[in-house]
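Input: one structure, supplied below.
Every chain is named by a letter (A, B, C and D) in the order it is written, and numbering of its residues begins at 1.
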């Protein structure tokens, strides 16, 4: 994968460094607006479940990050756009005071979308000013925070899409975020090659992000880079497809408790799971005539597409049914650079069999951003790779995404693994 | 109260009848738009609790009523604006098929507000056409349905306001639906006369709406007009004021279980009630320095204003504290025409001590509208009078409003009663 | 109905009065023990839902009533059995301090059943002493409280049975409270006569309990006796039978929302109601081969038995289906003494179409017992008559029983009514 | 720790093997009865929360295990004690059919305790017969299942205690499971030595249970034994004490969100945590005058006792406050045999920073017992060591106990760890 679009930069001088960062800043900030642009102000106001946020809130919160972490502490004479936003658009940073409870984000018909856009412009102008004014000493402190702010915004660019898909899907009209393009209507489906198993011998492997390497940015949860010991294992060369997953459903996968983790089976029963969240069969159609809802609305099933919008429970049940397992995040990372392994980045997040625990020697970032990752390290599972909704400059093989095992609204699929021969 | 503005008409000929109804139709439909007009499309999309509905939904549902009850059955060649609206904007009429669950009305970012306005115009044009085309025979059938549709719309005009007040109050910014007018800022408060007790001897009283009387429209739940027997009683000549209610709070009314009905005390404890829902005291102010949120935002306490936004539980607890009781709906109605009794209509709904039971001989309206009132006759309490938010032509003394005893977001206060001397 | 077994006594002298009361006291207290006797200490500890109480708790709470209301205030030198019981076995009297939350009664493995029996004996001995010692002046104060305490205990005698039926029914083994007697196994069912409609002309009727009449005890909620005005009506001469109710089920009664009050239909859907709570059909049997669980376990359906264990919602839906309605509590009481009306007392409680509102002029009893009835006068429906589980000396035609409309575990059925000819 | 009392046996011949196992069988089965013996039949019936089970259920379920896993499949002519128990006392083995939902175990007043004892005897007699009859070939198959059944029973011996402590604590009388012994009343508390940090160099470590080693039994979740790579680390030589934990409380530990994992802080707020679940301060006492409820009732605080009954969230917050962390389960196991590390077994379970994930190469046991451990491998944290309630022959350093991070009713404390010097 070409990394030319990488967010990361290695400037040779302050001016160049600031200039590069400014280019990056505007590019990232612009992408957020672009992703919101197909949506009406009403669409941008909807919160369809406590775990998802309105588009407008994403627009504001990503600006709040620069406002709270950079402008207020570092820009002399900075006047906040609206003092009340400090409370409204804080997500979860307890060190920065109280915040609006998550489930109440959908109540914010005010500030109006236009005011949120004005807030973004206010922050952008001030950030431009801050970057312009910073001398070398200040720049050293600002640079990592700006980089963090931009990567933070890129995370929300993906969430903006996964959240609005859920919101529009919950609408009985099931409108599409974007009209499908021509080839989506093409019902033909290129034959899907059988998966191949690639052997890895295990042994010592270096895991984690290291400053100064190919990727110039990494979150604290990817550090420190360290050595781990792997047993021999095998990985599938590609992601699981919708067609393969449909076989699992047709074989009664959702009715057989033996395939499920105990908590997963409880969810299947309580919530009546019968297929992935966005799959449905039109009335009167055959049981395999699936339609799958996504960014382009509800479209006919394409068996060769990677399956997405699975929970960890569903991914693990599938693996059990297939006589395989999910890879650990370490197996995944150690193999990801191997050219025989396809679809690592840019297709779908891949659930791993690893709980989201701290790496040995993990230290959270200092200051307010210490709450960024570390405090979520319990009760969640790690996903690796990246999805079609992930900005490509945001993806890297050391990336640790994480969600609770029941989460179904992310663009998350799986890659099968097996134990290797000792 | 002059009844010249009454909705009801008594035409002498078909043309005149249709003409009068058309005038009425446009007046009522226009009032709904007028009430929505201060609100942005985002505001109109918000649902702040399952019991309240978005403004946009009110706009659409009131149109659906004409669509479903009049146009589809009676206008030849009628083409519905969008077939899916039949499901989306049905409130609770099971005879007309499934409907969107009430708690999901806030998910409707689509149809967009503009589409809902277009739906209203489509319905209006079609209704105009239907009324124009109807001959005498058809008119006989249509007239009661049009009248019902317009009274239905007037009910939603009030709900539109009570619901949006709740939604904007839940927003931490607490914006006002409308800017306060000049005299609202006037902190002076005219001295409030002590209440007077007016004696009524009881005896036989005629209760309920009767066709052909002063009010030319009544809901089925106000019928049949019948005779009841009242014991002697006394009624307050005016509504309870905010100042009087503040005395109850200051005396520990919310901390004394002896004053409350059992279910009411459970609510006080579970939900931490300490004052009416929209009352608050700014930090650092004295405990009686109340601010009360309403259509004009949070405004300083005016002791002589009628208290509103009480639940039945709070109203009953106040009455107990005051050594009085709430009147029955029959006592209220029998006294309402007495000139010594003030503030009957147009100030605040008045909780009564009457459960919402059917009148003797009650028969629901026939057809789909049979679900209008009768199926709610359990678990609710009757309110009498009308509020500032009630369209004046919609108010009458036989009107039976009803809400569950815990409902706090209506413009509901109380008038005290006592037993009279036998 | 012969009233020779009535609790009430009219003594001619103090000694005789005290003597009669003592006889009554021991008779009532003994009956409670008798009802508990088929149950193991484990059975007596079970609480199957928050609304129901363990048998042991009933045994203790009925003693607490004498302890708290009579012995502590009136017996000099009285030493409570255990001070902690004052909290443990208070049901809901806020004036007497805090109490164990209702849903936690099933946690009381201690005090052990033997200790509760000892508590009963302690209270009994002390009550004997108090009654013996009282002079005429004290007796005047005590007598109504003792009568209240005994009637209170009789209420719990019925609840003891309805609660344990629910608890044992929830046990997958579904044991019987008592082995069925021989004739219960008799599967033959005497032909059930078609119901007859009895006409009543309406007019003025005296309603409520009056001291000095036939029934020497009445609760405060039955007072004051007053006159009401009834429209002409018709009442069924007998209760609804299981066979008649089975016709309603077979006709799709539980699938037709048009028959149900709105809140009732919500319960049908949320809780999956398909038949009365204790009705089931064994696997492989015909859909009308009902078995009905009760005090004697699950027994074959007897079509002529009065249907019991209905909620108000089910009773009202049946009436709607039958083209009839439920009687008001006033219609019921005015007709109950008519010899043409059968099964008034001793068969099944009969849901009425009356909400549990206060009678005109109602005043709660004074002192701690003021919380006995009045604070529940909202959100409940009145039942009239009495059931097979009601002690016969506790039944009278002015009795107002009340439960929430969704309650299904009481021995409650219905009698149909219709409007009469004007 | 001497391992002479170990459950495990290594017989040299079939007779000896069977004989040893029979001795073991009766010893383990007898211990369960001994632990139940201080409790009344009422106590044994109580379920105080869905996660905990009644004592009687433990008695029955441990017998069910032999019934279902050994007697039904392997004893010719075996007649089950009661066919209905197969459903009643199955805990969660979906392969063996439906089971009583966990939260309903407290409804089982029937079967009576005496019947459950009879069930135990029936199973014991039959097990004796099965072991006697088995030839060498059958014995090879039975032996691991009997060992599993006995270890399973030992797990429930601990749960029996932790569950009844919760049940009796929820009783407002807070009775003790056992009267405290004399020295418990001794309020003196031996001075607690400051903890010492023991350095471990990390490197390759062998982890997991291996057949043929010192411990002759291990659960499937402890296998396979494998090598892992550890970074240098430091471990405390002893467990955290109550006194040390009280310092954390006094310093505002429960009020500072910065110390807590996000899910943990949510629990603190939702459930109002202010101290460990069983800690309380009598009214009017000083804020550090803790009383701690346990098997012997509520006793005065002993600062040098290991703190127990913590959730993982509380353990992790304490570690954060102390500038340390919890050890991983691998660090713990690699250090546990070091003589400088005290209190490894027999004092308190020790929360680790390891999620309960499968070991590399993990395979669940085959057959019905495959559900024993594997299906719980998500959403739980690993605890190591053993507690005072753990049968000593059941403890070993490879043991992996696991509970959800919010669980507070287990005898779980912590040992601090830190990163070592690289």
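What we mean here is this: a contact is a pair of C-beta atoms (placed from the backbone, for glycine too) under 8 Å apart; a residue touches a chain by one contact, two chains touch by 3 or more.
All values derive from a computational prediction rather than experimental measurement.
Asker: Hop across touching chains from chain B and tell me the fewest hops that reach chain D.
Answerer: Minimal hop count between chain B and chain D: 2.
Asker: What's the chain with its C-alpha centre farthest out from chain D?
Answerer: Between chain D and the rest, the longest centre separation is with B.
Asker: Round to the nearest whole Å and give the separation of the Cα centres of chain A and chain B.
Answerer: Computed from C-alpha means, the inter-chain centre distance equals 47 Å.
Asker: How big is the gap, in whole Å, between where the Cα atoms of chain A centre and where those of chain D centre?
Answerer: 37
Asker: So what's the Cα centroid distance for chain A and chain C, whole Å?
Answerer: Going by mean C-alpha positions, chain A sits 59 Å from chain C.
Asker: Would you pick out the residues of chain B that each touch at least 2 other chains?
Answerer: none
Asker: Within their complex, state which residues of chain D touch chain A.
Answerer: Interface residues on the chain D side: 92, 94-95, 204, 226-231, 257-258, 260-265, 312-313, 316, 328, 353-358, 360-361, 371, 375-379, 381, 405, 419.
Asker: Mind listing the chain A positions that touch chain B in their complex?
Answerer: For chain A paired with chain B, touching residues are 40-46, 48, 84, 87-88, 100, 104, 106-113, 167-168, 170-173, 175.
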